[in-house]
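Worksheet for the structure shown next.
In order of appearance the chains are A, B and C, and numbering begins at 1 in each one.
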């Protein structure tokens, strides 16, 4: 089947912005995957120095310019995407299963389970994500990328609990759930085989929208020095390092910052497109 | 077969107490087509849900072949009472194929061996007058009548003794309704089923049920053989109800109570 | 000049969708005189509801193609602008929907919704509007109109809400009332009250009614003239007596036969392969 000819893609593509977002996301993904082949100076990713070419403004060799120790910023931005995307994927693969399971249990089983699970969720929701992540990193040893991921995941799952909880509550009253109960189906079957498939459109949309936001929060943490540590190329760290030198060497911060903007925008546009396509609220 | 003794049920809606059922007594015998009629708020659906084990009654007992039934039931008790519900839009899971919908009861109750499931689903679909090729389709490609047929096939799959039909045809167009009712009568004969038919439509009841109970505000107004209740209604409420039915022939107007 | 209030001529409607063009109405012809009660009866998907939407000018999406004429008071209203429609809607033409509670806006009190409607009939103060509404509700034997007017819609029972909706639709004395399944969501005993009320109020103001329904019993009780619609085609037209006593089109016959009868004659057997009713020529009863 040709995916571009399906009804779903037709609905998605009615909004040219969604298609634009999809092009951005696909491009970023390809750039990140094939970084070693695309980038002109893959060796600039590690602890590399070339003081002859330090702090060079953008030119034909170094299209984004070079940093304080002569590394190509374009190369480091592309590799920075790798870190950002890994962060996004890891964070959501921790947060989504936790959130979904809690939401299904709270919404379907109800009563005391609902009370306990939803109050826990509320406690997590009451603290802003960035503050929560900051304090979790503070609790854990020295800052590194893994801790950042765990911290962001802890701040993120409650939103999925909320989403799935609300959908479950409305689906619970559908006839096919009653039919399955009367038939004698188990709670596990009803939650994961009957209700969950109906949550997938909303879930997929929210995941897409969130990938952008997770990358943004991850970058914010890196900006504060709590993410990946040098010399790993991280977009947030790069912006932070260059920020003190603005506006003289503007290319230090501008291009990594722009790279963050592009990827967040891309995921958001695709997410909005999916929202229209599935006709869901998230 | 099913004995209902002194069943009461209350609901609390915004701190208001609503007596949905008040000391209901019924006796349903094997192979009955037992109609429960009432307007909205009469408690007929609550009664069905108690028999199905979706709600727990506040007072009273239900027994099934002399055995007490509670809300919590084992698989064997679940298997024997199945139901078909009103809204064809919500009765089938939109994300599951017809095959996986109908095969669920087969798997839960281990009706047939694993490699015979497909065979059985095809057979069930042809029983209810659908092409076995429908198996691979999703509900949104089916019409309302076809969805109700699938729901009937799903209920039959568990090989029950009793089918509770909660307004199974109310949402369908009349020609389709008539076909589905014919199907239900055929199935009843073929599988020796007992029906409990919940509806607000007295004209349907007149043509398919042998016994009827008229409910109003959680209480039984009148019960008895269908013909008797329609021709000589004892309670004023039943009389008003029958009088209010919109009719399409003069012959029908003639049998309405004066 | 004809004396017909509403004349629909060769009305065609199609939607452009992803799967292709879907033809919803095919050359519909329909006529209504002043004060006449006409029913348009059909099953779901027959095109009866879109007909009312066209009369009210509510179908203006880009993917809609309309052809033909809807002549109301000797003026073609099919392609009027929204502003021109606003003057007609609620003033000359009003509508009653299936679910009375959903038809009322849940966040406004009934009196405020009456005020909105009264404004259509010309400038009026809130106080006068209240009094006017009060009087109208009293006339339809609602005992405590003040309480009803001060209530929110969800505080009313279904039957009461439908009386309010009917009163509201009739308060500006429209020339045409569109009733889209006005009694379907109600219990049978209340159904009759709603129909009687509609009958009474429209008689007083000589308002014509176009009743849209799937329920033949309701048609027989209320309408004088009947159009049967099937898949976007009118298959039969005639007076109530002609149609019920002597149906001419095979579809109408099948429809009437399929309705379970209170006289308990059993269920009819069905032709497993029914003909394509839509392709069978329209049956028009002769007037005598």
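Heads up, the rule we're going with is that contacts are C-beta pairs under 8 Å (C-beta built on N, C-alpha and C of every residue); 3 or more make two chains touch, one makes a residue touch a chain.
Keep in mind that what you see is a predicted model, and the values were worked out from it rather than measured.
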Groups of chains joined by contact, in the absence of subunit A:
one piece
Starting from the Cα centroid of subunit C, hunt down the chain whose centroid lies farthest away.
A
Subunit B and subunit C: spacing of chain centres that average the CA atoms, whole Å:
32
Chain centres from averaged Cα atoms put subunit A and subunit C apart, in whole Å, by 52
Inter-chain centre distance, subunit A versus subunit B - centres from mean C-alpha coordinates, in Å
49
Expected list for subunit A, residues touching two or more other chains, is none
Which of the residues in subunit B end up touching subunit C in this complex?
39-40, 144, 173-175, 177-179, 181-182, 185, 200-204, 206-208, 226-227, 230, 240-242, 244-249, 251-252, 254-256
Contacts from subunit A onto subunit B in the complex sit at residues 174-176, 178-185, 194, 197-198, 200
Contacting residues of subunit C [partner subunit B, same complex]:
43-44, 158, 187-189, 191-192, 214-218, 220-221, 244, 254-270
Touching subunit A in the complex, subunit B uses residues 52-54, 73, 75, 78-79, 81-83, 85-87, 90-96, 101, 104-105, 108-109, 151, 154, 158
